[in-house]
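Shared between the two complexes below is subunit A, which has subunit B as its partner in the first and subunit C in the second.
This part shows the complex of A and B:
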């Protein structure tokens, strides 16, 4: 996969910038320009909103059979995190042994390398999570 | 809208078909459906092809023209189009064919599903499957399709006390059924122990919880019900066709233990058919991962939420159980050539309702249902069928 298509989303990936609907106050991540609840009433009212990065493990798994870009990391922990704003994010949990993960565990986001383009290509960065 | 019937069905064996290209298998399934329907090729007015990923798998797009051409129909210049909705491509193609006949636009159409997956290495498959989810926000972080279903499984275990044995009973049952299907990829029973001890793919799901990589094709011929008897002694009426969508990414769903596209599509289908889930005798559901069958049989209304696992372990979904689920072997044992799967489900239901299920025949089956799903439930397509 080539990197430029990911770079477009760097502000969100690096700093957890999502959107908040000024109509219903709902928070969304990644950014979207139409609120699924308010639809046309939300047009022009979806404003940038930075998540705190704090949340709890909602579900998780240990990946043993990854996509080729992730082979060197395996086995790794994938999780769905419920952020304190209520929105859920999918990301890896690092700096933690697999046996110690549980649903409800407190985590925070951390800036990490996500992968690279091809075998010796350009690095892409983004969020992962670690225990608090 | 006119009533629509299936007047012919055909399929290839599913599996690793090294010696056959997508042209061969598409043609083979189509030809056997045409012959089953007792029609001549030139009576086909339009072609709908379900295919998920030929561009990534064999660097070939434009499958409408390809299949039409290699089915010997090029000189007839009929319209042909490829339909894509990830794993639900076949079911969605069936729906498009159904709409064309129901609307009166066409009389006789062919719906075929085909996928050739073994021309790429196994390592490339997770990326291609993940294209049915959200590559930009799930895939980039290392999520595989298996990992997303694993997180659904863990949540189902957490919320409802579903056990690992409950989940493992799905592939055990489906392999038992597949052993009675001469076209299945795996025609061999397995034990609970085999599933539980299989190498991990995404904890808690192991190799035997995941549908295999398969080549295969399936086809059905549709016609208006009022002329169906002219061609087929046993036409099967499609009494409802419904499709629904949901968020592309799993992370945006309200619940991980419920698939709303299944709930909405099946609710609409039952309403059109004028029946409820209790009337269904035989169902083909989308067990791309074992947990998906458990969630599906709950959201289709066969069992209460949280009871799908115990129901499967207790044998309620075995052949001639409360409802016979995945008599073909399902995606797990029959095989899962992605775009072909939805059409293969219709083929199996038609066989069951015609009483041609051989060793796996469900007694006195009158109503059948198929559920074909894309990704983690971004798309669900439900059809209900009735014996005449």
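This part shows the complex of A and C:
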């Protein structure tokens, strides 16, 4: 990932900042410029909205064949989280053994390293989730 | 002698800690290196030490501790005017940890940020700087963090103690839960422990780290601070000292005339190891977790190289209105633990050379 792209996404990766349509009150993550329901009525009405970080495991998988950044954590859990605000997002579950994860488990966001560009490149940070 | 005088009621407005959940015990490290685990355990008075997960570093630990501090208070992060992160294991050699921490806790961009380094007392140096900025009126609140994922060379005595953790204090003048009546420092050029640029592991002077370094600086700082304040050990409800192991702070506390009931609450190293820049600050957090209004605390940090920062603190009535339960206590972090064998510990700590 290039530095500018990583940097642009910092607000949502660091602080779960999405958008809320002031027209229909729908919440979106990652941020959207236009509400897919209200379309042109949402123009200029998509406001930054910080998610609480709390949600439930909607579904999950255990990864045994990881990407290089995740080798030391294998096997690890990737899950779809249904946030309190109703949006679903994908994230790694940490502080939880693979055999203990379950659908419906309460989780909250935590700040962790997501990866790095080798030993000399930039380190990427952002949200993961842990059991409450 | 006037250094550290506080006449503006500056103090701790809120605090938070963070300790990774993994542990390794001295017997397991000793098993690999052919040492006597029981002897190391009793010699250092360390029963286990914390180990960071591969995705945890000083920045993630600082963010978690700072978010815990903010969760306990109603401070608007945009009112924080300065962020200082003290550590000797900043993930970047060049690029501040503090900018990432500030962004992740939602401060404005109109703040001053810097990373501090003074071995194990970089966090308390950040507290002192924060006190200065707040009392001068330059900022409303300042965030001071001490955090480390410290390194100990494989097989070295340090490997039994070097651990990971962090504590964050927000310093201000309004709704102060613990007034810092005075801070005081004692500093000298003492080469007891160091890490040269580019080196993966620190070096130390063995027994030289004791009397001329730790004990001289901590005891002198504590005695001079009490002399200036006109206090004696029995005036304090709690005392907390830097904890490179369990033995040193216990011995210096006893030498100074403190009793076990005064120093046991803040003594966390036997269970989590030496969290370096966070060591005294986590101990102080453990005390603030239980302290009542009116109680007095003496805290003395130590950083190799060498220096000590002392703090004379009084818990205020505001503590009764403070929402301590909004974030986990140090006790909770100490008790949530999962033991590692040496293989997983070496993997988590990046001690195994991996293929690119």
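One rule holds in what follows: the second predicted complex is superposed on the first by the 126 of 132 C-alpha atoms of A that agree within 3 Å, B and C clash if a C-alpha of one lies under 4 Å from a C-alpha of the other, contacts with A are read in each partner's own complex, and residues count from 1 in each chain.
Here is the rule we use: a contact is a pair of C-beta atoms (placed from the backbone, for glycine too) under 8 Å apart; a residue touches a chain by one contact, two chains touch by 3 or more.
What you are looking at is a predicted structure, and each value in this text was computed from that prediction instead of being measured.
Partners subunit B and subunit C, once the complexes are superposed on subunit A, both fit on it without clashing. Looking at the shared chain after the overlay, A:94 reaches subunit C, while subunit B stays out of its contact range. With both structures placed on the common chain, the touch criterion links A:123 to subunit C but leaves subunit B unconnected.
In the superposed model, A:2 makes contact with neither subunit B nor subunit C. Touch criterion met: A:103 reaches subunit B, while subunit C stays clear of it. Within the superposed three-chain model, A:114 lies in touch with subunit B and with subunit C [touch as defined at top].
In the superposition on chain A, A:52 makes contact with neither subunit B nor subunit C. Within the superposed three-chain model, A:72 lies in touch with subunit C and out of touch with subunit B [touch as defined at top]. Of all C-alpha pairs linking subunit B and subunit C after the chain A fit, the shortest spans 12 Å.
Residues 73, 114, 128 of subunit A are contacted both by subunit B in one complex and by subunit C in the other. Note for the complex: subunit C touches subunit A at residues 21, 53-57, 59-60, 63-64, 67, 91-92, 100, 103-104, 106, 347-348, 350, 354, 356. Per the touch definition, subunit A reaches subunit C in the complex via residues 10, 14-15, 71-73, 94-95, 110-114, 118, 123, 125, 128. Residues 1, 5-6, 9, 30, 58-68, 70, 73, 75-76, 78-80, 88-92, 98, 103, 114-115, 124, 126, 128 of subunit A touch subunit B in their complex. Listing the residues of subunit B that touch subunit A in their complex gives 123-124, 126-127, 130, 135-144, 146-148, 150-152, 154-155, 158, 199-205, 249-252, 256.
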